[in-house]
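The following pair of complexes shares a single chain, subunit A, combined with subunit B in the former and subunit C in the latter.
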Partner chain A sequence: MPSGRQVAESVFELLLVELVCTARAQHGDDADKAVQSLTTLGNSVGSRLVEKVALDRARFVSTLDIVKFVCKELWNEAFGKQVDNLRTNHRGVFVLIDNKFRYLRHISPLDARSYAVYTAFACGLIAGALGALGLPCQVTAEVTACPATTFTVKLEEAKA
Partner chain B sequence: VYKRQEYGNKLNVGQTVVFAMSKLAKIGDQAWNGNTEKINAELFILTYGALVSQALKEHESVADVNAFLEQTGYNIGLRLVDEFLARSGIGRCGDWKETADVIAKVGFKMFLGVSAQVVGFDSEKKEFSLVLDDNPLTEFVELPDDAGELIYCNVLCGVLRGALEMVQMSVECTYVRCTLRGDDASEIKIVLKEILADSIPAGED
Partner chain C sequence: PEMIRSVSIIAENNSPLYTRSYSEDGVQVDNDTQMLYITHAALDIVEERAAGTAAGTDMYLGLLYPTDSFQVFGYLTNTKVKFVVVTDDADVKDAEVKGLFRRMHALFADALCNPFYKRGEPLHSRRFEHAVSKLVSAF
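Here is the complex of A and B:
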């Protein structure tokens, strides 16, 4: 799958903005449905993207190994940098902090609850990637101080 | 190598026109290499593919999906053109021919990293086609058997329509050939419908 081909980042950003607009237009007042629609899109992209990124990699040895991979290699590919901070409660919950989340860089500060539709695709992407690597999970995001974003990953099977 | 027959026999072309083409290609290359923030294409290609798949599930007919993809492109084109003008430094095009060349050599290059060729330029009918030997959108894409009349890349037609409308040109874009359908190249036909009046108040230049 790797092709070395590149495109301007702006075309991807514009596509994302358009995806959000479409989801909102389609689901009107139902923000949850819009979020769900974008999350599903992200799932599909994440599960395929991670295949490419993990291609020549050695086998993962642990759950933490997989999550770290997502925080570094996958994050680089999808979000242009690595996660800044990773924490876990060792009971299947991981907290990933990106201080300068790429997809929010052109979004003006909003009410905290309004970011969901802008982070939904990314949450889906992360969940899709983790799922494809054997860790089905739910991913949510909270934007504390835009563009700093905190992603919470809850694994479906609590594994240490 | 710039094919002189691209310009047709009607035009009285000389060295200057060939120079202009290579100058545009250079502008395109410079913009791509110099001031374009780039990402690996996979993310973009996969996202677009997911969008098409989702649209196929959510729309009644393939015709609706095609229209949706075109409209999506249109909205993107409206926003894209500002960046195009800013990063390319290209001002108003002198004529329709220059517009064609700019789109092919600068526009496509700056955003998708590939150049297109202008073919079939007809100054009377105000039309031309853009031919892409290499279309990033279709990489690794295979249309399902029941795709019917799906125009997978219709978004590109919309982008062109939206972008050109922002610079006062109303055009009709049609995707006439597609590698996904077994054609040897991708081709978009662009016809100029009308020049839109500038919204400049009377009395000003």
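Here is the complex of A and C:
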């Protein structure tokens, strides 16, 4: 999306880190609540961003079509690249693997559970986008080997 | 000259997000019930068209139905937002209406980026209002 007014990505990354700190502080270090509020924030952004990214796109024909769009065009716009691997059980669960998840590039290694706050915003963004496109869902992320991240999308009603 | 008599943006659940009607002279009209009625009747057809097209995956749905004095066009986004435009019966070219929808959609996407605006609520953006008026008068 060409725009005369853009912001350096580094600024955005700093903002994300600060968001995590603020969310933690707001919820007295309760990680779950922090994750919740960051996810909600991401939801709000994702549902708006998708309208712009999908602007010139022909109408989707299937659920898989929509998920692929999120893996390619939306991922490019939000996370600077495409998803590296997409898998599904054809019963409403999709697994998206990003081997170099952009938001984790500059995060020092943590134990697996501590990444949740750093991926919460992105999970919310993805869920917000999918929701706006007609696929309400839950999105969670797992980081086993930073920055490789595995996102699991569970659609609300099992749609093949 | 072809004149736009009404533009509407309607949410998936059919609640109105934005609707404006114009007289033959291009003056904004409030509560033009005829336009509201025509637009409302068009919604059923939008849903039919959208569900029916397997091959046609265009967001632009084309002419929905002609009445004796007006033509009604529809457009459905991937986020299930419906746009309906009513024009005076004239030689309105498909390509022009398509372009109008595309530009309105872009304006809507911009308005949506306002974090204080929630999806599904009526749109009250002055910038959007201004831009749409310009689009309509330039048609």
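Note that in this section the second predicted complex is superposed on the first by the 154 of 160 C-alpha atoms of A that agree within 3 Å, B and C clash if a C-alpha of one lies under 4 Å from a C-alpha of the other, contacts with A are read in each partner's own complex, and residues count from 1 in each chain.
Rule of thumb we're sticking to: a residue touches a chain if its C-beta (ideal position, glycine included) is under 8 Å from a C-beta of that chain, and two chains touch if they have at least 3 such contacts.
Predicted model only: the values in this text are computed from it and were never measured.
> Once the shared chain is lined up, is A:78 touching subunit B (first), subunit C (second), both, or neither of them?
In the superposition, A:78 contacts subunit B only.
> For A:145, decide between first (touching subunit B), second (touching subunit C), both and neither.
After superposing on A, A:145 lies clear of both subunit B and subunit C.
> Which of the two partners, first being subunit B and second being subunit C, lies in contact with A:37: first, second, both, or neither?
first
> Which partner, subunit B or subunit C, is in contact with more residues of subunit A?
B
> After superposition on the shared chain, which partner residues are touched by A:6: those of subunit B (first), subunit C (second), both, or neither?
first
> Once the structures are superposed on A, label A:19 by its partner contacts, choosing first (subunit B), second (subunit C), both or neither.
first
> For A:50, select first, second, both or neither according to whether it touches subunit B, subunit C, the two together, or no partner.
After superposition on chain A, A:50 lies in contact with subunit C alone.
> So subunit A touches subunit B in one structure and subunit C in the other; where do those two contact lists coincide?
Of subunit A, residues 44, 48, 52 contact subunit B in one complex and subunit C in the other.
> Name, in rising order, each residue of subunit C that touches subunit A in their complex.
50, 53-54, 57-59, 76-80, 102, 105-106, 108-110, 112-113, 115, 119
> Residue numbers of subunit A touching subunit C in their complex, please.
So the residues of subunit A in touch with subunit C come to 44, 47-48, 50-52, 54-61, 66, 132-134.
> Within the complex, which stretch of subunit B touches subunit A?
So the residues of subunit B touching subunit A come out as 32, 36-44, 46-48, 50-51, 53-54, 58, 72, 75-76, 79-80, 83, 110-113, 136, 139-140.
> Name, in rising order, each residue of subunit A that touches subunit B in their complex.
Contacts found on subunit A: 1-12, 14-19, 21-22, 26, 37, 40-41, 44-45, 48-49, 52, 77-78, 80.
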